[in-house]
Each structure stands twice: as structure tokens, then as C-alpha cells.
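Which chain is which? They are A, B, C, D, E, F, G, H, I and J, in the order written, and residues in each are numbered from 1.
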Amino acid sequence: MLFAVTMDVAIPHTLDPDEKAALIAREKAYSQELQRSGEWRHIWRCAGRYSNLSVFDVSGNERLHEILWNLPLFPYMTIEITPLATHPSDIRAA
Amino acid sequence: MLFAVTMDVAIPHTLDPDEKAALIAREKAYSQELQRSGEWRHIWRCAGRYSNLSVFDVSGNERLHEILWNLPLFPYMTIEITPLATHPSDIRAA
Amino acid sequence: MLFAVTMDVAIPHTLDPDEKAALIAREKAYSQELQRSGEWRHIWRCAGRYSNLSVFDVSGNERLHEILWNLPLFPYMTIEITPLATHPSDIRAA
Amino acid sequence: MLFAVTMDVAIPHTLDPDEKAALIAREKAYSQELQRSGEWRHIWRCAGRYSNLSVFDVSGNERLHEILWNLPLFPYMTIEITPLATHPSDIRAA
Amino acid sequence: MLFAVTMDVAIPHTLDPDEKAALIAREKAYSQELQRSGEWRHIWRCAGRYSNLSVFDVSGNERLHEILWNLPLFPYMTIEITPLATHPSDIRAA
Amino acid sequence: MLFAVTMDVAIPHTLDPDEKAALIAREKAYSQELQRSGEWRHIWRCAGRYSNLSVFDVSGNERLHEILWNLPLFPYMTIEITPLATHPSDIRAA
Amino acid sequence: MLFAVTMDVAIPHTLDPDEKAALIAREKAYSQELQRSGEWRHIWRCAGRYSNLSVFDVSGNERLHEILWNLPLFPYMTIEITPLATHPSDIRAA
Amino acid sequence: MLFAVTMDVAIPHTLDPDEKAALIAREKAYSQELQRSGEWRHIWRCAGRYSNLSVFDVSGNERLHEILWNLPLFPYMTIEITPLATHPSDIRAA
Amino acid sequence: MLFAVTMDVAIPHTLDPDEKAALIAREKAYSQELQRSGEWRHIWRCAGRYSNLSVFDVSGNERLHEILWNLPLFPYMTIEITPLATHPSDIRAA
Amino acid sequence: MLFAVTMDVAIPHTLDPDEKAALIAREKAYSQELQRSGEWRHIWRCAGRYSNLSVFDVSGNERLHEILWNLPLFPYMTIEITPLATHPSDIRAA
């Protein structure tokens, strides 16, 4: 089932640059693995902000929470979740 | 280029039921035509709300405005737009 | 899977009293049927407000949306949804 | 009497990891003791957030405050309380 | 137990003046009866607003809700509740 | 004349524990002196929050400001003031 | 004592034009009488809005409320009050 | 001097279509006259909203208020004003 | 021309006390010089808050910005500006 | 295509003064280069705030994001974007 998720990132200015670079690299690898497995269906950058809009296709709330809680950047994120359903106007829904 | 658009609908309770049904039918036809042409790439229902989250793929701001302004339900909608860009972690961006 | 749902009700003052009474009766019957089937697990009144806090146990987002969209009072409600997951401190989760 | 309580946790990034682990362990023990005694009736994780939604069944405001004030994580929490009453549609209320 | 309650009143401009006067008279009688019985301990006008700040001393959430739900002006009110506890600095608390 | 005052306290986690304890002791003494003199008429703890709701009975705005500005915890407080007047339904106002 | 008061006016579009003109004329006369008596010390238009920022010099909260409550436009106003005190940098305060 | 002004328009759904068309025509003529005179320097449509972002170049606050207050659509607008000054990085400011 | 300006001050708790005292002394001298020259027409303390409400009478936006930008406490202030115009009810406006 | 962009700057008080001066110099050079190339069409200071309102004329969302993401002050900015379209009343739009 689908969830839209907005993640706003605020890494503290005091974080060590190397630690920060490593963190971002781990975040990227983690995200790409889930994209390849099909659970992280879309990821877009929100223009002009350190944020993304993503769409997840997961088995349910438990799995969604597990994915988000384990994001390497989770401690520095503010996350908003919108559960999605099929729209009656969607041409793929017929 | 891509834009995420959230549309919240609030049709007045005083609207004539037939007029309302006709309006919703026109909205559906309008949306499906744009989905078929490829400009209205995604439309999801936000669960539990008279709202949708959509993604548009258009030539620019002028075209995006033209599409939204001509929505049959536009007078009853509150619309929020987020311009999207490629995310560096997107596996399709490499 | 579980969802917490807050429903704030605002019935227009202009609604006919009989129509209003019938609407509320249908809402009650609808809710109680879903409570008996086990999908509407909890319903509490928020003290001093025409609102309730409910917990639903449903198969997913599609079913949650279907239940809420068909609430007789849906056109007069503002709804907020929080997807729930197991808490690591929950004694029933071990 | 029942209260819904939302707790949002924000532990400072500068807290010593051992101190943090000990704090979380004490929080868990404290919560589980109150769950066993019946006062902390429900605890759910809000998906994707370091937050929980709980329901307390206590003798009154004084006891509710005492429980919350003594949470090991209290200094790092933002708490919202909703006093609950019986809903007229609740099938267990008849 | 004590609750602080803020009530903001917004009577529709279209309400019949006689009906409005009768409503306000019933509200006053209702409030004064509860003040005399001791449950509505304080009522103050918030200067410059059609609002009051009140303190109730009731047996619990159920009774608080019953009192507020039956206010003649309830359909026109926005209500906020703050559960109160004894403050450790209160000289009457020793 | 009466003012309702809400004080939310946020002492920095980095404050030295002894300094914090001394500060809180001075706050308590300061508050109790004003309670005994009759200017700080009520003080209640807002359940579940490091906050209080107080009612002051002072000669005017200048005195109210002087009292609040000199609170030992003032640098760590967010304060909201509501000027109060007699409510026409108050049984003690006749 | 001084209070800053912001008044935002929202007269319903359905109000009869003559009634509206009469109301505004009464509001003006009422304001000017209080300006002449010295209680309504300043009145400025907030540019681009149907709002004013005023400063009142009154005996206290009771009188402030009486003045505002009796404004002919009161039923159509949203009012915010800021109690003012002498600023230590004010050259007239020495 | 320059002011950025955002105007959000909300024409009531009950307004007569002819009256609405006439109003919009007068608004357009009024705006274009001020654009030609140089006081209304820029006007852009905010994409997807019945709103515009404008920049005015006027003699001061009094003139800005006069222009906005006399907009034919003023009664249906929510207006926000940002006074502008020269930015030190502006290449035309040297 | 007139502007209402609200300044909320939040000096970091970590600032050296001597530096803080010097800063506040410079702020006071700066403000009083502008009060004497007539540009800073009013300054009031907002009761119970480290804030002031001021009225400036300046040649325009450029001068207003210059004054505010050079406030010694500017780096620690949150500032809100309301451009003011003559109110039609002002008895001094005739 | 055009975008209005508001940038609010909050440089930490702990940043080294030389580093801060260098950062601001690089920001200025970066902005002026883009102003000369025509992509950063307008930049205005919002009076009384460490903020600017800018208008960009870029090829699309990707380019807008690239420009903003690479601002030397980006890590210290809060940015809001409004996509702009031609306004039907714009005299240059005919």
C-alpha cells in the first residue's frame, strides 16, 4: 500500500564534515537499496529545500515505520506521512 | 518538469446535487484526458480526506497554472504546489 | 493494521433538525456495525468538543479510506489520521 | 478516567550515548510497570516519528500529572493531553 | 478535580434577535446554577472578546463533558480545556 | 484588576543542576511571597507540562510587568497574558 | 494605563448598504468621542487592510472591555490586546 | 519607494455572474491604469491560486493604502504587505 | 510616514554578562538618540515579555530599514513591521 | 520562467566573524554573477529583517534548485518558492 512521505533534513552545523559525508553516503545507499527492492517507489527533491517527497509501497504501517526509523538521517529529520488510496479518477484504477 | 500538487476540495453544502454531480463528472473527464496525454502523471486520494496528491509533468509554470485554473472544481479547491527536482539518490537519475 | 483517527464534526446551523437527527442516527448505526465487526476498535468522545478519537484496525489504507469516506457525517467532518505501529515498550508486543 | 496523551521525544544530539541508552531503558521499565498496573492502558508508536500515542486510565488530573512529570524522558518531551469521555456510539457504553 | 476552560462564542449574525436573547438568558441561568452548586468555580470575561475563561471543579472528565455539551451556547462555541493539578509553589497546597 | 497569565518554562539542559535547584527555590519563594500579599491570587500546574496558569490581582499593567519581569525563571519562560473583566453571568458580580 | 489594540473588521457582504453606512457612521462618532475624552489616544489605519492599530489610556481592564464591547462594529471585529508598560529606554520615562 | 504586495482573492460563490464579470473588468482597468502611470510596477499570477504578487512604487504608506483600499476586488481580498529596501548585493544599487 | 514595529528580543543565555550589559546600554543610547531626533516617536514595553511596540516616523522604507538594521540588539531580535496610514476616524486627520 | 523566492537568513551567533564576512562576500559575488547573467532578475531587502525577496528567471525547476542549493548561505537559510505565471491584467502580457 502507498504512503506519501515528506522528509525535511536539518543536520546540525556542528557535525564533523567527515561524519556528515559518511552519514549522507549511508543514507544514499540505504535509499537506493529500497528503491531497487521496489518499496521506495519515488524520491524527488523539493526545489530550494533540503527536503524530499517520496512515495513508499509497503506491506503496512509496521514496515513503513521500520524503514523510516532506520534511515541514517532519521535523527535529523522531520517527517510527515500521508496514507494514500486509489483515486476514482485514476485511469490506471479501472 | 515536475510539480507535486495537493488539492483540497470543499464543495458548498448548498450546491444543487445535480450540478454537483455534473461538476464532478467534468472534473473526472478533464483529469483523465490530461493523464492520457501524460501531463498529469500521478493522482492519489489522500485517505480520509476530500483531497488528492498529484504529480504533473509540464513544460513550465505557465502550463501548470493553465491546467489548474481550468479545473472544473478549481473555485472550490485550496491548492499547494511544490516544484520538484531530481534527487541525487534517485536510481533513475544516474 | 492500526490507525488513530480524530474526527471533528461541524454540522451547519441551517440543517433541518429532522434531517440532522436522521443523519446522527445513521452515523451511530454505521459506527456500531463496524465496532461489532472489529474494524472500529475504539471510539472516545473528546471532552467538551463535538469530536471523537477513534482507533481502526483495518487491512490497509484503501479500506480505511472506504470506511471514512462513507461516514454519514463525512461531509461535515475534518479528519486527521495517524498511522500506528507497535511500540517497543508495549508489554503485549514481546 | 481516560486521557489520550501524545508524547513527542527530542533527545539532544549532544547527549552521551550511554546516558541516552540508560535513560531509554528506564523509560521502558517505567512504562511497562504502569502498563502492568493498568494505568497506562495503551501505547502505540506514531509511524515515522519519535512519538507515541497513549491512553491512560487514572484516578484524575493529579495522578496523570504525577505519572507524566516522572517520565525519565519528560525533560525531552512535548506532551499534549486530551481528556476523554464515553462516546454515545460506543457499543460498550450501553 | 480542576479544569481551566476557555470558551469563544460566535453566534451567527443571522440568528433571530429574540432567539438570541433567549439563548443568552438560558446560558446565564445554566451557568449561575452550576456556580451556586460549586462546580463552576470561576468565570471571567476575556477583555475585548466574546469569550470567557472559567475554572471547573468536577468529579472527572465525564461530568466536565456533560456540563459543557449541555451549555445552551455550545453549538456556537469553540472550547479549549486544560486539566489542572496542584502547583508545588501553591501556598494552599502544603 | 485581574490578569490570567500562562507561563511555559524551558530551562536549558546545559544549566548546572545546583544553579537550577537554587533558581527553582528562589522562584518558589518569590511566588509564595506574592501569594501571601494577595497579588498572585491563583497558581495551578497545567497537567503534563512544565507550565502554570496563574491569576494576578494587581494595580495595573506596570505592576504586572514588574512582577513578571522579576521572576527568577523569567529568562526561561514564554508568557501569555489575558486581561480579565467581570463576566455578566458571575454570581459574585451582582 | 495603556493598551495597544488591533481591530480587524469583516463586515458580511450580505449586510444592507444603508445599514452598513449607518453602522460605520456610528463607529466613527463613537471613536471620536472617546478620542476627545482622551481615552482613545491613537488610531492608525493598517495600510492595505480593513484594520486599525489603536492605543487606549484607560483606568483598567473593566473600562477597556466596556469600550470595546460597545463598539458599533464589535460583532464584526477580531480584536487583539497587548497591555503596555513604560519602556526603560523611553526618554519621557525618566 | 517599493512595497511587495500579495493579494489573495475569494469572491463569494453566491455573487451574480454578471456582477462578478463587471467587477473583474473594473479591477483590470484599474490595475492597468496604475501600471501605465508607473506606480504598479509588477504584477504576477501565483501559479495555481487566485492570487497575485505585485510590486508597487509609490510615494509612501498613505498612497499605498489609497491604491489598495480602492481596488474593486478589495472587499474580497486578503492582502499582505512587505516594505522593500535596496539590497546591498543588488548590482543596480552601486 | 509612520510604521508600527514590534521587536521581540532573545539574547542567548550563553552571552557574557558584561557583553550583554554593554549591548543593552548601547541599545538604550541608540534608541534615545532617535527618540530625541523625532524618528522613534513611541516606545512601549509589552507587559510580561522582553518585547517592545514602537512607532517610527521616517522618510520611507530605506530609512526604516537602516534604523532597524543598526540596532545593537538586531541580531537577537524578531521584528514585525506594519505600515500605517491616516485613519478616517482620527480627529487629528480632519 | 519566473519564480518568486523569499530567503530568510539566520547565521549562528557562534560563527567566527572572519568566516562570516568571507561567507557574505562569497554570497554577494555569487548573487551578482547571476544578476549579470540575467537569471537572478530582482533582489530586494525586506525592511527590518535579514531576508530578501528575489525573482528568478530560469529554464525550470532543476536550474532553480541548482542555483539555490549552491548559495554560500544556503545552510543558514529558510527558503520559500512561489512559481509565477503571466497575470491577465499585466500590460506587458498583451
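Brief remarks follow.
Convention: a residue touches a chain if its C-beta (ideal position, glycine included) is under 8 Å from a C-beta of that chain, and two chains touch if they have at least 3 such contacts.
Values in this document were obtained by computation on a predicted structure and should not be read as measured data.
The pair G-H is the one among H-J, D-E or G-H whose contacts match those of E-G for more than half of the residue pairs.
Across H-J and G-H, the chain pair carrying more C-beta contacts is H-J.
Chain J has its Cα centroid 44 Å from the Cα centroid of chain D. Computed centre separation for the pair chain H/chain I is 28 angstrom, with centres defined by C-alpha atoms.
Taking each chain's centre as the average of its CA atoms, chain E and chain F sit 22 Å apart. Each of residues 2, 45, 47-48, 61, 64-65, 81, 83-86 in chain F touches at least two other chains.
Those residues of chain C lying in contact with chain B across their complex are 5, 12, 61, 64-65, 68-69, 75-76, 79, 81. By the touch criterion stated above, chain J contacts chain B in their complex at residues 1-3, 60-62, 64-66, 81, 83-86. The residues of chain A lying in touch with chain B in their complex are 2, 4, 27-28, 31-32, 35-36, 43-48, 52-53, 82-91.
Against chain F, the residues of chain I that register as touching in their complex are 13, 45, 47-49.
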